[in-house]
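Each of the next two complexes has subunit A plus one more chain, namely subunit B in the first and subunit C in the second.
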Partner chain A sequence: MKEISTGNKAVAKAVKQALPKVVAAYPITPQTEIVETIADYVTSGQMDCRYIPVESEHSAMAACIGASITGVRTFTATSAHGLLYMHEMTNWAAGARLPIVMANVNRSLGPGWNIWAEHTDAMQERDTGWLQVYVSTVQEAYDTTIMAFRIAEHNDVLLPVMVNLDGFSLSHIMQPLDTIEPGDFIPPIHLPYAIDTKNPMGYGGLTTPEHHFQFRWEIERSIRDSEKVIRETEKDFAKRFGRKYGPTENYRCEDADVILIAMGTFGKEAEVAVDILRKEGIKAGSMRIRWFRPFPKLDLAGKEVVVIDRDYSFGYGGILAHEIMAKNEIKVYSVIAGLGGQEVTYDDMAEFVRTRRIGEEFWFGVTKHV
Partner chain B sequence: MMINNDRFRELNSRSFHSNLLPDLVITTEIPKEEYLKKCTSACAGCSSSLILRYVLKAAGQDTALVVPACCTSVIQGAYPNTAMNVPVYNVAFASAAACASGMSEAFRALGKKTNVIVYAGDGGTLDIGIQSMSGAFERGTDFLYICYDNEAYGNTGMQRSGATPIGARTTTTPTGKTVEKKDIDAIAAAHHLEYMATSCSAYPQDIFKKVAKALTFRGPTFIHILAPCPPGWRYPTEKTIEMGKLAVKSGMWVLYEREHGKLTISAPSKAAMRKPIPLEDYLSPQGRFKGIDAKSLEILKQRLTANLKALFEEEAAA
Partner chain C sequence: MFEIRIHSRGGQGGVTAARLLAMAALHDGKYATACPFYGAERRGAPVVSFVRIDDHPIRIYSQIRDPDLVIVLDASVMDTVDVLHGLKKGGKVFVNSAHSQDLAGCSTFNVDLTGIALKEKLVVAGNPILNTPVLGALAKMGIISVDSAKKAIREMFTDERNVRAAEAAYKEMNV
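On to the complex of A and B.
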């Protein structure tokens, strides 16, 4: 069905159609509309689900953990400080192998109070064992949320999935949305180690180094296996519903000399910058990273690379740029832009490419080349 | 073995009518099934594992336990073994009640009546876990929260907690704590719980009865159980039961229950308060109170008197 929706509402609609049994959440701007919409679905009887209005994000994730271990489908949503407040529990969720799906509306971190888009919040969760995907349109937010449940709950994965959408520039903007009937696209959840009082087990107790090490390797093995599950899920989604997704979204990359890489809404904006550059005779392409964990294999051989980071690791550099450099053993032009919701247009992006200095870092609007 | 409501009412009324010999009557009613096996890694003389034994006997097989970081995290044994014969979900320190909220809602969504019980220490309740506990109470989560209180962070080597009494030495109050114990029961009561109670490891029948009763309620219930700790309180391991009895007989710890807001002081405390023993009889066998200063002792005594007065007045008013 075709309609107009915000990014937040699209996520809420996808969650409704995924039929979770428990949603626990705490309000935070710019995520709040997601949980408000779900609370309304539950209260009005449109969703057969328990909505737990917890007193903090730490408790939101704890409640999702407690619900998930009984074997039910579970969802929450958060942003920025909320995400960091639940950091202890995001580790717990992944370590406990619970297929919780969470929408994170990317926002900067204080101080000072700034509610606008930035990716540093989710980047600080990158080593927790969660799968992370970044979306760029309202439609993609909806489709990816539906796929996230199937991926998380797949028995070769059984890890939580975080769907990231940019605060305001995606969460609050209106775009066309074509909703689907998922039908059996998401199979019934089956958690092999769900709590069963007739077959009691201990969960998360004292663990010696030998076993702990084994459990950590199993998380890594599953996150590697998730690549295949993601691929199959996206392929089946395309077959059933006609929309194609992959680990990256590549635009005019085949014959490109220079590739502009970004995530989220910037990644989509970069396509316009590419068109501008092509008109000028610069053979540019854009590559939008969708899945950040597991980190995709990128085909960058023989290309110059410009990376826009909407995040930063102080004392080190742009996080996405450094992951790409390390994984591909290349140098890139690292642009830090859009922190705290800083406006970055496609013209600005085109200029990053024109003035690129491979091997250097540039803070847009703050520094000259450094 | 499940304790159903009918059986509990029968059990309760019998004990009510045989006030003079409550122990004898109820002892026969405690199920023989063991859900906490003998192979725990508890310290010698540990009272918290004793409490848990009776908690689980009262709760029965259809029970899931949520345990935050505390002595019980260790007592249950190391992976892949467990001394527990009910599912035990271990979870991060501050999160037990919130985890129980999710678990309880999920069980109910699945149409299951499974008891969800948080079994947490005093640090996990009065300090780091107080927010999630308050939230779960306020939301009306259908669960039982049990705080076993050994008045310090026992698992990490006896650091002071919000439950440590004034004057008690811990590894972080080496000359004695200078501030009073937090009144978690008043805080719990402020959530208008349908049922809340106190108990003590030295009175297993009291624990059994109160846990069984708490589990007949829908919604949040709370039981605060004093758990004397030989290494922490510094008394010989064989004195654990005696120490709990001294706490009650001195009036330092009062056994009661508050049902639908109506307070009833439990029989052992009522009997003890007819002729309480001096507070010093409770304090002096404990190394942690050795050399307690006169001011702290006076505050302890004043608090004891005020607490007893308030409880007996509340009961009389009801």
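On to the complex of A and C.
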């Protein structure tokens, strides 16, 4: 059924249809609408689910961990400071191999107090063992949330998944949404080592270096295996529901000389910049990174690359740009733009490409092009 | 692509107007996005929201810089806000007012939405409801169809007075 929905409501609707048994969450702008909507579904009897209101995000993740380890489907949502307050527990969730799904509405970190979009919050969770995906439309937020449960719970993965959507620019925008009936698309959850009172086991005990090392490798092996699971899940989704997704969304890349890379809503608006550049005779293409963990293999051979980072690693550089450079052994033009919700238009993006200086970094609105 | 900027005051329903407009456009078989601009504004302060309507999926998230149509739900914001800012040459302006507006370089439309809302007793917390009657005015301007306007209103509100208010705005407005 087609309707007009916000990004937040789309995520809540997807969660409702995924039939989780426990949702534990703490409200935070601009995510609040997600958990508020889910709480409403639960209290009105539309969801057979325990909603646990908690006093902090650390507790929200702890409650999800406790629920998930009993073998039930769990979900939470957060943003920015809430995500970082969870940080100890996000590491625990991945280390304990719990397939929790979380929506993170990307927002900047204070001070100064700022509630608008930025990716640095999720980037600071980069090395926790969570799978990370960044979406760009209301429809994609909905579809990806549904897929996230199946991917996380797959026995070759058993890792938590974070679905990232840009604060306000996607969480609060209203776009057409075509909801589906997932049916058996998400199989029943089966955690191989769920707590079973008839078969008591120890959890989270002291591990010796050799075992700890083995556990770390198991996480890495599973996240590598998740590439295949993601591919299969997206393929089955396309077959059943007609909408195609992949590790990246490539637009007019085949014959392009220069490729503009970004994530989230910037990655979608970049397509408009590409159309403008093509009209000027510049053979441009755009590549929107969807799955950030596992990091996709990119086909950039023979192309010049411009990367927009909506995040920053102080003393180092744009995080996405550096990951692309390291993985592909190339130099890029690294543009830092959109921090704290800074307005960046398709015209600005086209200008980044026109005035690119490969190997250099440019802070939009702060430094000047020579 | 047809781009619309809505000026109102916080709490007057500008965001809901944008949503209803997007819903009506969807019923017309088009693509639409509606987005409020979230700043530090509070109830009573001048606010803007945006609607884009197109025959193709909309890939733009940045704010509308040169709208085709400006909707002013509260004429008093015009004292402090340049509502014509960036308006395309020959663009349209709709103002909620009983009086026709004299604005240079654009075609102006007006109808007294506040009067219509008061007549229908469409008042919530002391505020006359403007976001449903405005759809009638926009239908008259050909932005959306009358049927889709009514369908969108009925999807969101069960009170038929909202539809009647939209019909009254449609009837009263001169184009």
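Keep this in mind: the second predicted complex is superposed on the first by the 368 of 370 C-alpha atoms of A that agree within 3 Å, B and C clash if a C-alpha of one lies under 4 Å from a C-alpha of the other, contacts with A are read in each partner's own complex, and residues count from 1 in each chain.
Here is the rule we use: contacts are C-beta pairs under 8 Å (C-beta built on N, C-alpha and C of every residue); 3 or more make two chains touch, one makes a residue touch a chain.
Just so it is clear, the model here is predicted, and its values are computed rather than measured.
Contact with subunit C, but none with subunit B, is seen for A:S169 once the two complexes are overlaid on the shared chain.
Shared-chain residue A:A301: touches no atom of subunit B or subunit C. Put subunit B and subunit C next to each other and count what each touches on subunit A; the higher total goes to B. Of the two partner chains placed by superposition, only subunit B is touched by A:T207; subunit C is not. No residue of subunit A lies at the contact with subunit B in one complex and also at the contact with subunit C in the other. For subunit B in complex with subunit A, the touching residues are 61-64, 66, 73-74, 76-80, 82, 84-92, 94-110, 114, 131-132, 134-135, 138-139. Residues 21-22, 24, 49-50, 52-56, 58-72, 74, 88-89, 92, 195-198, 200-208, 211 of subunit A are the ones touching subunit B in the complex. Those residues of subunit C whose C-beta lies close enough to touch subunit A in the complex are 18-19, 22-23, 26, 31-36, 38, 57-63, 65. In the complex of the two chains, the subunit A residues touching subunit C come out as 2-4, 30, 115-116, 137, 166, 168-170, 172-176, 265-266, 268-269, 271-272, 343-346.
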